Amino acid sequence: MNTKNRRLFNHAPGNSKLVEQEERRSDLGFGAKLTDASSRLINKDGSFNIVRVNSTLWDRLNIYNRLIMMGWFQFLSWLMVFYLVANLIFASIYMLAGPETLTGISDEVLNGPFWKCFFFSAQTLTTVGYGHISPANFTTSLIAAFESMIGLLSFALATGLLYGRFSRPAAHIRFAKQSVFAPYLDVNAWMFRIINTRDNQLINLQVTATLSRSESKPDGTSSRKYYGLSLERSKVAFFPRDWTLVHPITAESPLYGCTPEDLETSDAEIFISVQAMDDTFAQSVHDRYSYRYEDIHWGRKFPPMFTVNQQGTILLDLDKLDDTVEIELN
Amino acid sequence: MNTKNRRLFNHAPGNSKLVEQEERRSDLGFGAKLTDASSRLINKDGSFNIVRVNSTLWDRLNIYNRLIMMGWFQFLSWLMVFYLVANLIFASIYMLAGPETLTGISDEVLNGPFWKCFFFSAQTLTTVGYGHISPANFTTSLIAAFESMIGLLSFALATGLLYGRFSRPAAHIRFAKQSVFAPYLDVNAWMFRIINTRDNQLINLQVTATLSRSESKPDGTSSRKYYGLSLERSKVAFFPRDWTLVHPITAESPLYGCTPEDLETSDAEIFISVQAMDDTFAQSVHDRYSYRYEDIHWGRKFPPMFTVNQQGTILLDLDKLDDTVEIELN
Amino acid sequence: MNTKNRRLFNHAPGNSKLVEQEERRSDLGFGAKLTDASSRLINKDGSFNIVRVNSTLWDRLNIYNRLIMMGWFQFLSWLMVFYLVANLIFASIYMLAGPETLTGISDEVLNGPFWKCFFFSAQTLTTVGYGHISPANFTTSLIAAFESMIGLLSFALATGLLYGRFSRPAAHIRFAKQSVFAPYLDVNAWMFRIINTRDNQLINLQVTATLSRSESKPDGTSSRKYYGLSLERSKVAFFPRDWTLVHPITAESPLYGCTPEDLETSDAEIFISVQAMDDTFAQSVHDRYSYRYEDIHWGRKFPPMFTVNQQGTILLDLDKLDDTVEIELN
Amino acid sequence: MNTKNRRLFNHAPGNSKLVEQEERRSDLGFGAKLTDASSRLINKDGSFNIVRVNSTLWDRLNIYNRLIMMGWFQFLSWLMVFYLVANLIFASIYMLAGPETLTGISDEVLNGPFWKCFFFSAQTLTTVGYGHISPANFTTSLIAAFESMIGLLSFALATGLLYGRFSRPAAHIRFAKQSVFAPYLDVNAWMFRIINTRDNQLINLQVTATLSRSESKPDGTSSRKYYGLSLERSKVAFFPRDWTLVHPITAESPLYGCTPEDLETSDAEIFISVQAMDDTFAQSVHDRYSYRYEDIHWGRKFPPMFTVNQQGTILLDLDKLDDTVEIELN
């Protein structure tokens, strides 16, 4: 802290046009500095292309999150592995304490003392405790008392994890793989389409779209800029069928006058963020998606996804979500 | 992507009155295209008249949702069926492994080897493990160790499901079966009535009403339009008794000047959406209902639902919710 | 639906001053009709003085809510009763199936066949299953298999209930038993005081106060009116110590010029509603309270509740919450 | 309640400039009265320097909160202690009831009758129930039936606690240990930096900063005042990398013209409050931090925390969070 800096600070101009301008700029949280084409922020699968260095082991493991987010097959496999390893460890401990202190059946019945210890461990960990094998001295009884407590706590944990996995809020929204530039009323518009793949209701759906593109500054360098794209309708009370979201290309749109080449040159990408309320669990759910310049098809539109049968029921064909047909632009 | 389309797009008019008008239109999320009388969007039970085609098996099963939403009798029956089937499967496996390896009692005691296997399975799955039947070789011990783990996980799952069912936010609001057109101050009003059927408090109740009707366009076709109906009072802090919601028919109302025949001709339906906070669990709860033109009774009003006894206690008679009496309209 | 009514309706005036006035009226959800002194809406304990008649058995039982809200002693007693009754029922069933089919120990050991059945039931319901008593025929084995499943589900339910009870959002806010009229700056003000009785943080606390009083109409009848009372500060970011809320009696206040007699005559009551976020669980919590005219002390103020010790630690004495001292009003 | 006070009150001026001014004052909830340097409200670890006196035992224990908030080692130790104590208590009860009524093995096998009782208790509490020790009279059977129920309820409780601990919303935001005064556009600014230490996404991040300082009144006394500090950007949609928050020192800033000495003299402290949504669990999460005058470094700035590797992946080095480098102020 030096005196010169402090004095300079006191003489700083109090009113700044630059500050006011800066405050009006949009930002998704990625920052403006990462602009070279080689550093993409969003991977194809929607995750961020960022690796954390020097984070703590606990933060890196992030156990609860992982166990909740991983696939069911992987989760159940981990449970099996844990059960197997726990029994192997306790079997070894019983072997050290002396397998002859587990009495009731002869070792030959279960292929030798190790497996007798292993199955006794399994019967203790799950608290099934048949009793045809039982601990016959102080040490083994103590180990068994400890193991049965560990067993109950482990399954308590598994109970919590299973509930956490099932009750996790999930939106089940599917986005059309490509968005389109199509005529809309007397102008053109950029459009994309979403559906709810499940029968449970999503209510109070809200959608925001943000354009991110690289722009050249007068000094020759370029920086990434963000623009909110106003949607003709960004909120609906119910979401029973497909919904096509429309950003009309009026003079206010940051896409006004753009050509496909412009989008490619500026490495344009549009981020979509969806928020809704799951009616069954009254939980807030979120989803996000992004359309890059190559996912924007010009002069195409989305044909209807539904047909109405004789009984007046609307049949919504989910396979038609990605369909587009050619159309003349305005 | 052809050059012609792109060029046309660049010449598109930047400012559009049509876009501005479109943005002000109301929409519940059903869309404007489904207008023929044969295709109803809302079934009598409040669900949407939509069938999803080509959805994935997992999305169609929607297991957690179903197990949470189904009735208690159905849920408990499924638990019983699962328990029975699991035991039948494991009994068959023990039969394959050799019922003679389950020792302790003779087969005759439990009506033959299959039932011995079946009951051993039940004692293992629930981890009760009496031990009067016990696995006496490596293979059966292994199967039993696996089964007891499956058993604990299954009951862990059941624990989560039971908690999920009980703790699911539910509004317990009942709507009067019919709404009325009744005099209100110096005009008339459309009114409906709701009650909280339970003693637990709902707070910060908010209600919205949306009119949906089919309107003819100048070109002879018709499309479905949506209008928000402003309520004289749409929000209350507490909801201890019945609440009659009132939409006054002033010149601003989309119902101004309508006759019952108009409503029928335009296939009018009014959607009600209720949002509140359950005071016990601080959970947000939702409910919805809809009144079709035939559920609107003209020139009737709701009589009071309550009486006050000698002790000054208010007796709210839930059976009177649907009562209406005739009244002269303004 | 008669033609006359319909015609009248069509001639109704479209614009109504009365409707506009009505829309500006405050309402907590109690309605204006209940005005006679004999019908109080709020009991001393904060509950509403309303009894629901003709509600369904299921709604009246409201089982989950009750089991969550009842005291701990009552809850644990119900668990004990359930456990006892379940064992008595199953013991009776085993008696019917024949107590001689439960083998392993002689009946005399446990004071006769009924208690043998009873303890076998207990060992099965809790899945402890020692095996010194065991089912020795098909029927008893079947009953035991069923009972062990019921046992696991019951304890699954108890798990959910215990978690639901512990994790229920609760505000732990205590209100001073009486509110005061005290001088405030250059006017007077109505004030009340609240504290957080626990060390866990409540953040973003928001408080609203609503005055309810009976007012005479020109025609001699009286109806209950509601007025929001503006608080000098109604929101704080943190709530570490006591907080005195202040409604200054300016010309805009509905209490301007009121005497204690006025408040008593008009049966005045002020409802307080508090909303906050529990920082530990990120749960929204609520609390409410009401001050009746007799709980308003004129010409008194709240003395400080805290002292600062030598180490600079603030000692907040919860017993001083209700203290007031005399003070001259402005 | 005396007549004089009441009359005075009725003559109180209805309109007060002082009340209007007071309403515009900022307050975090600490109050203005605690201003002497010896009474700090915020401890170094972020907790409030307040001790509650005369709170109820139940409020002071605050059991659920403590068991959720304590470290894992402490929590698991408490579980072990509970398990041990419960078994010692029940072992003593069995000793009183007569250890000879627990039959199956001779007392010598487990080092005497007490340890036989202890291990029988452990086998009953965990419901493992081998059965090689079993209750052989009415009294012991009754105690065992009771103990097994207690055991199941205890582990039900442990299940709830484990789930509550894991699912507790936590923000995992780390704040730079010091904030800086650095040049910003054409002025200077006060800046601080935060990162998300985990890979799970935080969305809709919102940050507020409040300056608290002691100010002298004309009468020589001083009181603590609070000012919101406007941030150049206080909200982002995503939070994938580090985020530097900027409060520009324009003429509107309460820090305009301040020197480091001013901040020290006025005992200045800036409170930061962060609110976000955890994308995985759709839970609202909170965090707070405070920078005291000695944590503000003048004429320093935050260098970038990230490097980009050959594959274009951004490497965010968490160890660089606290780095600052010298820079000339404007």
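Which chain is which? They are A, B, C and D, in the order written, and residues in each are numbered from 1.
Keep in mind that, in the parts below, contacts are C-beta pairs under 8 Å (C-beta built on N, C-alpha and C of every residue); 3 or more make two chains touch, one makes a residue touch a chain.
These figures come from a predicted structure and were not determined experimentally.
Taken over every residue number at the interface, the positions common to chain A and chain B amount to under half, indicating a different-residue contact. Relative orientation of chain A and chain D, expressed as the C-alpha superposition rotation angle, is 90° to the nearest 5.
Look at where the CA atoms of chain A average out and do the same for chain B: the two points lie 26 Å apart. Distance from the chain A centre to the chain C centre is 37 Å, each centre being the mean of its Cα atoms. Each of the following residues of chain D touches two or more other chains: 123, 127-131, 159, 163.
Looking at the complex, you find that chain D touches chain C at residues 1-2, 5-6, 8-10, 12-16, 18-19, 22-23, 25, 27-31, 33-34, 36, 38-41, 48-56, 59, 62, 64-65, 68-69, 104, 123-124, 127-131, 134-138, 141-142, 144-145, 148-149, 151-153, 156-157, 159-161, 163-164, 168-169, 208, 210, 271, 273, 283-286.
Only residues 127, 129-131, 159 of chain C touch chain A when the two sit together in their complex. Residue ranges on chain A touching chain B, taken from their complex, read 79-80, 83, 87, 105, 109-111, 115, 119, 122-123, 126-132, 155, 158-159, 162-163, 166-167, 172, 181, 184-188, 197-201, 203, 205, 232-233, 236-241, 243, 248-251, 256-257, 259-260, 277, 279-282, 297-299, 304, 306, 308, 312-319, 328-330.
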